[in-house]
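Each in structure tokens, the structures are laid out below.
Both complexes shown next keep subunit A, but they swap its partner, so subunit B is in the first and subunit C is in the second.
Up next, the complex of A and B:
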């Protein structure tokens, strides 16, 4: 088991390097650099810009060789744990990303928990009541849930918050956050998180419900279920001990996949609901051409995704004894 | 049904609504016996397969022939029959047809030019939607709808409001002359479906610049709906080619391509979209931006498609007919494109239909964040971006209208795609 995980982790190294390469060159595609915005301001002297340029290690009109050198330098530093610093915030990229990553992580985590806790039981319910009224309604609602654009639900949620006042209108903290007790802080963040989690989780609930329904129906038509019933096992046991367990396995592989959608959805929802997460940071930094922050956020998103997939693989290996670690 | 199929129509009639080309694909995949002919050009399929079927049928008489209904129905016809049973899928398909027709005729259906900031003569920002009325002040009903003009007023909070003025009814006029446009981009005309004389009609209100929101919604549909289709076409072609090559050659080529795909797929799609779209210079002209957004969307999406196709190709390339093709000295490229890929079409098409919404949402998301289609060109995504301002979201709820359009479109695509998959997958046919 440990060997399997280690091997997988080792395989991640070239993948992560690949991601950094992609992110660097994507960022280089944009014409100009961070200093362009400063150059436009007459009150900033050219000498200052020249000094900053040297400080940031930026080259005017870089050739491919310059870019390669810059990338090499960045990678060399990154390996040693130095991810460069933010031009805009004047702090270490790592510090900035750490905060933002935390927010995206808790948001995605709770959205996942929400969608599994609600989606799976719903899936079981509709599979058991196949083609009955509840199934049809749930099916339609699920389709609607899959089809609603995340940012649109986010807008609707914001409107709801505005009109009812039940929830905070965007953001992750109240104004008085710093003065709150430890418990109060957790409560406050939780309160701010309810709407974004619901918005992000909706799609997951719908998707998981449909998948679970399909899988369970497949499994229920298999011979071992028939055999279990023939042996006179209680329907509850047949369902929960045999059928449900077997139909959850394929969903675990979906988990890694879901994470990608979750992160993507989060990027938009974070922007609409002013949630200080990674996606928002990426948008801000990309627009400001804050090179190292953008790369950091980009790579972090990738790493999060890869780790999610890895966890899904490990979980699958744990739950399904037929899978050998190799 | 196209008469061009005539030679085979007696033995293997293709589905009513399907063009010959797709009938061709359907046959190749769903029945391996016919698939043996590979992707030989249609004329040859017509020449060969139905001949054998016809021979079989001629050998059978009366009752026996009737007991073999599957022989008379082509796979595409079976699929169509199956699809037709799925009410939601049909509804989805019809909705999409209507939507695309709407996009095609958008400038005709729209009463105003979508970029005109004072279509009614004066600039009215955030004018609420006008109600179509059928009952006049005297309580008399008429089938001819009319709207009340409005009077711009300022409240004490300095908000602008537009109370309707009952003294100024304006009946809707049909086929009126208005702003110039080119229908289908070809026919210059200025006839619009409806409009009013001496006034304005804003069915969906106006936006922050006083432009008619209904017209913008219609013209915006052209962009939002076409982006998905064109992007999926590019993705489809690219994914098929790369997946085909990867699966066919295997070995080092496969390894390199697959590692590349993995890297692309390891980045959250939307992050990549964001970064790429942000690289587009802000001063480019809208058409160029539009095309590049499509390219970007396809670039981000092709890896997944290539993966699926590769998997399918891996199994197909071991078939005898490929071996036969090789023995006959068919070139690799021709073998891949003409013989192997067509047998993966069905799955790929379903996968494509299912992923169109993702592209539509991608464009909408980018435009919403101000990175995609830019003002003044309308797209459903960038129209919604005004709603990001909390004050707008609070007071002018009609700004959310494009969101519902996106929702309806993706819903229709999802229902259609789901129905298609069920219709093509015999396993799910059983389960229902």
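Up next, the complex of A and C:
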């Protein structure tokens, strides 16, 4: 087991390098660079732009070789733990990411918890009440949840918050957050998190419910279930001890993939709902062509994703005795 | 899309993200009455849609009570709290409330007034400027504000290792004898603890403008400036967004109490603020000023309607009717702050050394004919644009200066009323006629077709470009609208002549763009000097290409050295007239500013600077305390 984890962690290295390589060159495809925003200002002389370009180590109209050198320099520094400076913020990239990572983490965490806690029981319920009214309604809602884009649901949620006043209109803290007690702070953040978590988790709930329903129906039609029932086992035992356990395995594999969707979805939800996470920083830095911040954020996102996958694999081994790491 | 709310506090520094943002405002107000003939000064109807154009008196202030909070929002996070290296409005806006300058422009009248120092004494030859700091000035931590702080600030700004945009504006334009300028620094010295003296290499009219830089606290920043190898570079990252905000001492009305990334900025009263009200009581009246950071304008609107914010800069005109209906229920009023500083123009490539000139010489020849440019201006239906794009909340614009510039705006520039007939007559005169009946005119046997570019990020500009394209079709000019990415657009416009290469391509035909201006016309020298890099239609000229460009060069050269305000106004008035006659840039409209503000505040004085330019004297009408 330990060897497996080590091996996976080692594999992480080429994967992260691959991610940075692709994202670096994709960002280079966009025309111009960070300094273009300054070029149109009447108060800034071309000489200043030239000087800044030199200081930032940028090249006007870079060739592929220039870009390769630039990437090499960045990678060399990154290996030594220096992810570079932000052009716009003028501080270290890592400092910036640190400020934002926490919010993306708790949002994704609670959205995952929400989608599993709601999605799995719901899936069991609809599988047992197949083709009844509840199943139909849940299916309809699930399809709506899967097909509606996340940002659209987020916009609707914002509108709801503004119209009803039940929830805050975006943000992660109240204005008077600092003056609250410890308990008050937790309550305040929780209250702000309800809508983003619901929005982000809805898609997960829908997906998990559909999967769980399908898997459970498959398992319920297997012979061992029939056998268990024939032996007179209580229906509860048949269902929860045997059928559910068997049908939940594929979902754990899904967990790893879920996480990637969640991170991508979080970036959208963060941007619509003023959630101060990594996604907003990433979007801003890509728009401003603040190269190294974007790269740093990509690395962070990539690492989170890979670790999520790793956790899914380990969980699978724990729940499924048939899987052995060797 | 890069956003920037209009810089709330940096009226004087105008660190405008010129092209990129031009935050667009809606305003109510009527369509302007205009008349006028082609190429002659109009005889009737100045543009006065209820907005005062001359230097208006600032309305009197009333004494307020202490207490209350004003909550505003802003689109993006500050990038640094170091005012001296800040490069965009989100940062200068965030630290603007903390750092005063020696002198500043009044946000209402745009006249110069004292801030940390009294208005300067100027020597008879106009070269020596002496500033005396007010008595008993203190930073918020109790340390005195002295001449040493001023000297330190200039040392930092003039140090080439510091990445500051302020150095740019602190260089004086000295005529180089060849029609352009060379840039020279000021000399400065400390006379005594409260007095500093500046020496200019030449008489320099925009002196007040460049001397209104924010003063830095030496006792807080000197260590970072002096420390580190290589020396000075540490200053650039000092007071970054990860700084403990308690470190940020203030000479302005506010102290930054809290910054939560992506969430909010909270300011509280600076107890040592120098400014007092008419009764000698300390300002500001409000206890707190909160700025919530939102991701986009949609959230701004939602937050305002939910009652989370007290102030809304209306940037999407389509929101106006709904917001207007909510005034009574939401207890707010929408203030029209008059014409804004942003403009929008169509620019035709008149560069004989461009790629276009090589491939389509007839097109450049046509663009260089002033009659064609006038035909285009006549063809643009500005009223329709105002009605459709701005819901009536904009004014026609025919010259380079916005009516917001009360100090320099010339209302009597040549105006081009909408007239398809006049436009067609002009085209006919040039010899551009539709000979084959396909609806497109031909010039020298070639159909007149060209591309109009604009940046895809700016919705308003896209609507304007679409309207122009449509208008030009009506006079038989085959314009094709192509939106492109902003950076791509800049690369078309701004390419420096390189050694070894004959000339950069300048491969564009026409462009719709806009600049955000400020009160000082000399700041537009890079656009209007024929040698300027933003002299879009034909940049980097070695000597003026046309007599009128030579005239404008002369005006900018002499205007920079004319110390008499009235004479200056006349000179820059002439520049506006020439520009409107020759139309190197065909101006379209200037939007009006619209700001919604809750009714519970006193001393509200909307002006082209916004509604919070005098925040320190605004007060909560429900406040009750007599002392801070």
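Please note the rule applied: the second predicted complex is superposed on the first by the 315 of 326 C-alpha atoms of A that agree within 3 Å, B and C clash if a C-alpha of one lies under 4 Å from a C-alpha of the other, contacts with A are read in each partner's own complex, and residues count from 1 in each chain.
Basically, contacts are C-beta pairs under 8 Å (C-beta built on N, C-alpha and C of every residue); 3 or more make two chains touch, one makes a residue touch a chain.
Note that the coordinates shown come from a computational prediction; the quantities given were computed from them, not determined experimentally.
Superposition of the two complexes onto subunit A shows a clash between subunit B and subunit C.
Of the two partner chains, subunit C is the only one touched by A:36; subunit B is not. In the superposed model, A:166 makes contact with neither subunit B nor subunit C. Applying the stated contact rule after C-alpha superposition, one finds that A:102 touches neither subunit B nor subunit C.
Applying the stated contact rule after C-alpha superposition, one finds that A:276 touches subunit C and leaves subunit B untouched. Applying the stated contact rule after C-alpha superposition, one finds that A:151 touches subunit B and leaves subunit C untouched.
When both complexes are overlaid on chain A, the residue A:284 reaches subunit C alone and has no touch with subunit B. In the superposition on chain A, contact of A:25 is made with neither subunit B nor subunit C. When the two structures are aligned on the shared chain, A:88 is found in touch with subunit C, with no touch to subunit B.
Touch criterion met: A:46 reaches subunit C, while subunit B stays clear of it.
Looking at subunit A, you'll find residues 30-31, 155, 158-159, 162, 169-170, 271-272, 287 touch subunit B in one structure and subunit C in the other.
Interface of subunit A with subunit B (complex): residues 14-15, 18-19, 21-23, 26-27, 29-31, 131, 140, 143-144, 146-149, 151-152, 155-156, 158-159, 162-163, 169-170, 217-218, 221, 260, 263-265, 267-268, 271-272, 279, 282-283, 286-287, 294, 297-298, 301-302, 304-306.
Taken together, the subunit C residues at the contact with subunit A in this complex read 1-2, 14-20, 71, 76-77, 79-80, 82, 85, 87-88, 160, 163, 165, 167-169, 183, 236-237, 240-242, 258, 260-264, 266, 290, 292-296, 298-299, 302-303, 305-306, 308, 485-488, 490-491, 493-494, 496, 515, 523-527, 533-534. Listing the residues of subunit A that touch subunit C in their complex gives 30-33, 36-46, 48, 51-52, 55, 85-86, 88-92, 95-96, 99-100, 103, 155, 158-159, 161-162, 165, 168-173, 175, 177-178, 270-272, 274-277, 280-281, 284, 287-289. Of all residues in subunit B, those touching subunit A in their complex are 88, 259, 262-264, 266-272, 274-276, 278-279, 281, 357, 361, 364-365, 368-369, 384, 387-388, 390, 393-394, 397, 400, 403, 406-407, 410-411, 413-415, 418, 431-432.
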